[in-house]
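Same chain, two partners: chain A is paired with chain B first, then with chain C.
Moving on to the complex of A and B:
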């Protein structure tokens, strides 16, 4: 890495000013920029450690806006288009070099990108306009997609680098990424995602929601006695896949007629 | 049948290497004698492999009796040398039974070539026979072979209490199939009268057929078949080439200095696996694959794949990585050279095979070793590193030096005669010495830091206790004000009187127990009782542990019933999870059945007995 790009950050007051003041009507981009000019204290950069680059954030926002346009923004929106939008944004953010420096770990960087530059896109993606989607944090519209993208990235050399991001259902994503004990370890998260994919090939995506819930629970219980993060990648994958197959009732790659997850106890 | 004849080697005018000297050549290897013998014998077998076929080796320890010992006494060693070794050998042969240890290989070329050291063979064979039986210190001739000296054969003699071995080889000479049998002994120098003249003898003896010109030749042809059958040696026909070496009265049981007699079977098994696993893995290429069988007193001992014999599973995985072209490349800077590949693999520590539970098993309880080898894939030695502090995990690694001739030769030359080390000081100053030095340095470094990368960055102190309480004390020296360090507020105090109460402390995990195959977790806690509310119930509710907190077992079929087995307060035990405490106080013990694959926690509470 040659240069760390410091991205603009929007503090909590700024988010409130832009979003909370305008529950009815979101401010347009130019209105937002005026607000920021007026209250320069809302906007700041890390004081050292790289070079300031507001352009980077603006470029990223333009790319996201373009993806949104391809999927019906601002006029039409259906479940399927929104889900494809999520996938593509996750891939886009996951492959942004500028976000791999640690800047993206800061909530206020996401607050700026979301509230200041992409508030209208968020309002399209989440019509209920929950403030959590604007503010930086685990449920921020783009931050959560970036975490998915960067965690499930299989690497430049992988034949299907974004296979996991593309394949996993929203429910599966939430199951992984709303559990710090799973999402906090990238290797473990990838192992779970790939076990999900493998299992869904055997029993179909329809049954996966229940299997995923039970299997991730078993993984977390197992993690108490075996530090899964310690395991070699191949061993870990086998271990996790074993848990999924057991829950889904797959023996030697063949689904059994009755699985653990649905068996009455 | 005619008995085999004894030939004792007299000193030539130019001097010979004596039997003692021959034996001394072996030096004092770091390995046990049996281990050296097996390593040498296997290396010889592998170097003699017929290209494209993996050799099969049989290790057999058995007792000769009846016809077999009669044949050995009357037809093989009928003539006993007059030196110091002679009489114990004679005595042993007169007994009713005699232990022998045999190393037989199949699918190898056998001891081929001419039988006399002074003849040059016309055939295509290597002069293995003379090199093995007669010469010592021949330079290696197999390209990147395992053995480079041929000294190892002296260990075979050393293993025999009488320094005596019998060699049976089905082989070829000038392209024709031939079977040869010869007895050999490495005694000490002695003087004796021969033909009316007092002569000095080297101590080397052979049994075979005198050739009438002052030499001895092996017994050949049908006579060998008859003798071998009578001795119970493995059968061979003309196409089944290979060599059987029978070691008379082996020192199998006093390899170590311990008084205790070692069980030979597990000892052999582990020696073979520990030294030759790279040739026995499931993904070892077929032409290299070594097939080993072990037989002790008529019982076969099964030889598992290294993948099924922890901790070799990790080593086997590391070697597969290297075979697949992965692993870290170690290289030297000046001159710039690729020295070889290193692969380290970590994983769960699996339960050991029963044989590894012996006190002197070579296998470590928790592996943290790197196996060093040349591309020939025979383990030279293991470098021990730092183990994981968590004993449930272990790691193993493999280093294979580069197969570039210059580099490979450097490592081969650094090996002492027993091939059990790489000693850079054995090499002259120059690039080869640098290669070995640099590689060893990197390997040692990797071994030291793999488990705990921090210890590489300076000599940091071992993780001591938390400094928080010291810091809090020091904080009190500062200006008055908040002198409270991290931690809980000290109890209310000062109230007096009301501090005594009926309460139960949080449950602490104590230990695990086995109860008829069922695993139990035992928790302890303390119950204090002021006697004011004797109607209280103590209730114990177990739960699964997930992400450090409690989890419900709903929907999970992992054998967790959510029940307590029994609850003990002071001396009273109740089945189930609740108990009226009355006026009891003291230690609370609670046993909870434990499911596989899960941790269990326990919540203790005091409740009013329901009205």
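Moving on to the complex of A and C:
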């Protein structure tokens, strides 16, 4: 069994200290590390269960920083550059073996990566500096991208492994991944993403925001009374696609699902 | 399962299912009844979970209005993990078609320790396995229809955020020189973020400088926990109820969000009362309003 890499964790007080105390200008990396040295109780690791590996988090932060540089960090960014940055980071994080364990489900692991190591990249990606982007949680800048990458990964053997990550709009991602009842069931989340893609091919991406919001509401209602994830993959895809097609007003019947080529996941 | 769901079909009751509770332990070893906290877990420790059933197929058939020979059901065991009110990931770890010739069922599965994170949310559910060939007017007919379910949330390691986000900390160090440095506890939360994840947006700090209070809290003294939790509930309910558009804001909040938690607390403290009535109580009888919330914060009725 591969040992779990135990990653550094930053508690809420640490996030508050680094982010909330930074009025106007974010602290530099060296200032942040000084703060953490001064308040060592902010930073901690799981006491057992694997090997401590702060360097893994540092390496991940360096890869993210490099992706940011390729898209204009620290000087400039436009909406398109930020969108491509998100996609590439989602793929990068979704591919990281070190993040395939329970450690990546911990908010405080993402708090450390974000607030301690990548606060300046977050300020570039989200100039409004909403604290939710720094602290761990569903809206953390990088945690949300990791969830997207790891959930929508179609597997090593899929011909277009990352097509869902690359295709879905930000609004579509939010509709799936800020709803735990949908995001927590990976099979259901992929079926919704696939239905979004199929529907957008029929009606165009421009009309998808309304369709997605309405369809996900209907899926959530349906999932309350029927365990959609219990259905076989082809049946599930057809069911979800049917909901999207009805909302989108696609009249040529509910077409047979063109299920994505997925590995056995 | 969420009790606010109005199912459009007949469902099973506890007598038909005969659920005998959850068991947990090390793989291959005798399992013990699962309690709220599982001690001594880390990533290197896989867990085996079990759930026992004494199914009454005759009763199930009558309740669901589906003839016995047309009734096909399955039992699904799920394991969820990750912080937050709702688990971040929920996996099906065992599925079995129910057989009327085997009414006594002991369902077991192994959960990989490396995939767990702070908590283990177990869910057993019985679903309709196939569309029945004959059925009554209110019978479930769609494959996957949820007929019954039970959940058990088990805290692992230091997974406090899965249950309630809190920690003990020395206020004299953390808040040195600040006016609240000698307070017994401090509820850190940000107003205006009703759709933020509750686990990430709210945190209660208990002052470890006050050893007596801290010990009582850590040991779960009911009156102490009720006082702290009641304060959290009061602060958040009062703020939300005072918002001019709170009805709409709460309606839009998703599971596990701050707004969702406040809505649950409102349901607990003021069942079946409109927000206008709650608001009137808050401004007209603030003492009774707070006491009602404190009563709802009684340990055991808060989560």
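Operating definition for what follows: the second predicted complex is superposed on the first by the 249 of 265 C-alpha atoms of A that agree within 3 Å, B and C clash if a C-alpha of one lies under 4 Å from a C-alpha of the other, contacts with A are read in each partner's own complex, and residues count from 1 in each chain.
Throughout what follows, a residue touches a chain if its C-beta (ideal position, glycine included) is under 8 Å from a C-beta of that chain, and two chains touch if they have at least 3 such contacts.
As the structure is a computational prediction, the values presented were derived from the model and not from experiment.
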Once chain A from each complex is brought into register, does chain C clash with chain B or fit beside it? clash
Return first, second, both or neither, reflecting whether A:33 touches chain B, chain C, both chains, or no partner chain. neither
Touch check for A:12: first (chain B), second (chain C), both, or neither? second
Applying the touch criterion given at the start, work out whether A:107 contacts chain B, chain C, both or neither, answering first, second, both or neither. second
Could you say whether A:179 touches chain B, chain C, both of them, or neither, answering first, second, both or neither? both
After superposition on the shared chain, which partner residues are touched by A:229: those of chain B (first), chain C (second), both, or neither? second
Partner touching more residues of chain A, chain B vs chain C, is chain C
Which partner chains sit in contact with A:218 here, chain B, chain C, both or neither? Use first/second/both/neither. first
By the touch definition above, which chain A residues appear in both interfaces, chain B in one complex and chain C in the other? 179-181, 224-227, 230-231, 235
Chain C-facing residues of chain A, complex: 1-4, 6, 11-13, 16, 41, 46-50, 101-107, 131-132, 135-140, 147, 178-181, 183-186, 224-231, 235
Chain A residues touching chain B in their complex are 179-181, 213-214, 217-218, 220-227, 230-232, 234-235, 260-261, 263, 265
Within the complex, chain A is touched by chain B residues 317, 345-348, 390, 392-393, 544-548, 551, 555-558, 597-599
Any idea which chain C residues touch chain A in the complex? 2, 5, 7-9, 42-45, 74, 76, 80-92, 95, 113-118, 125, 127, 142-146, 157, 161, 165, 167, 169, 173-174, 188, 190, 193, 195-197, 199-201, 203, 205, 254-256
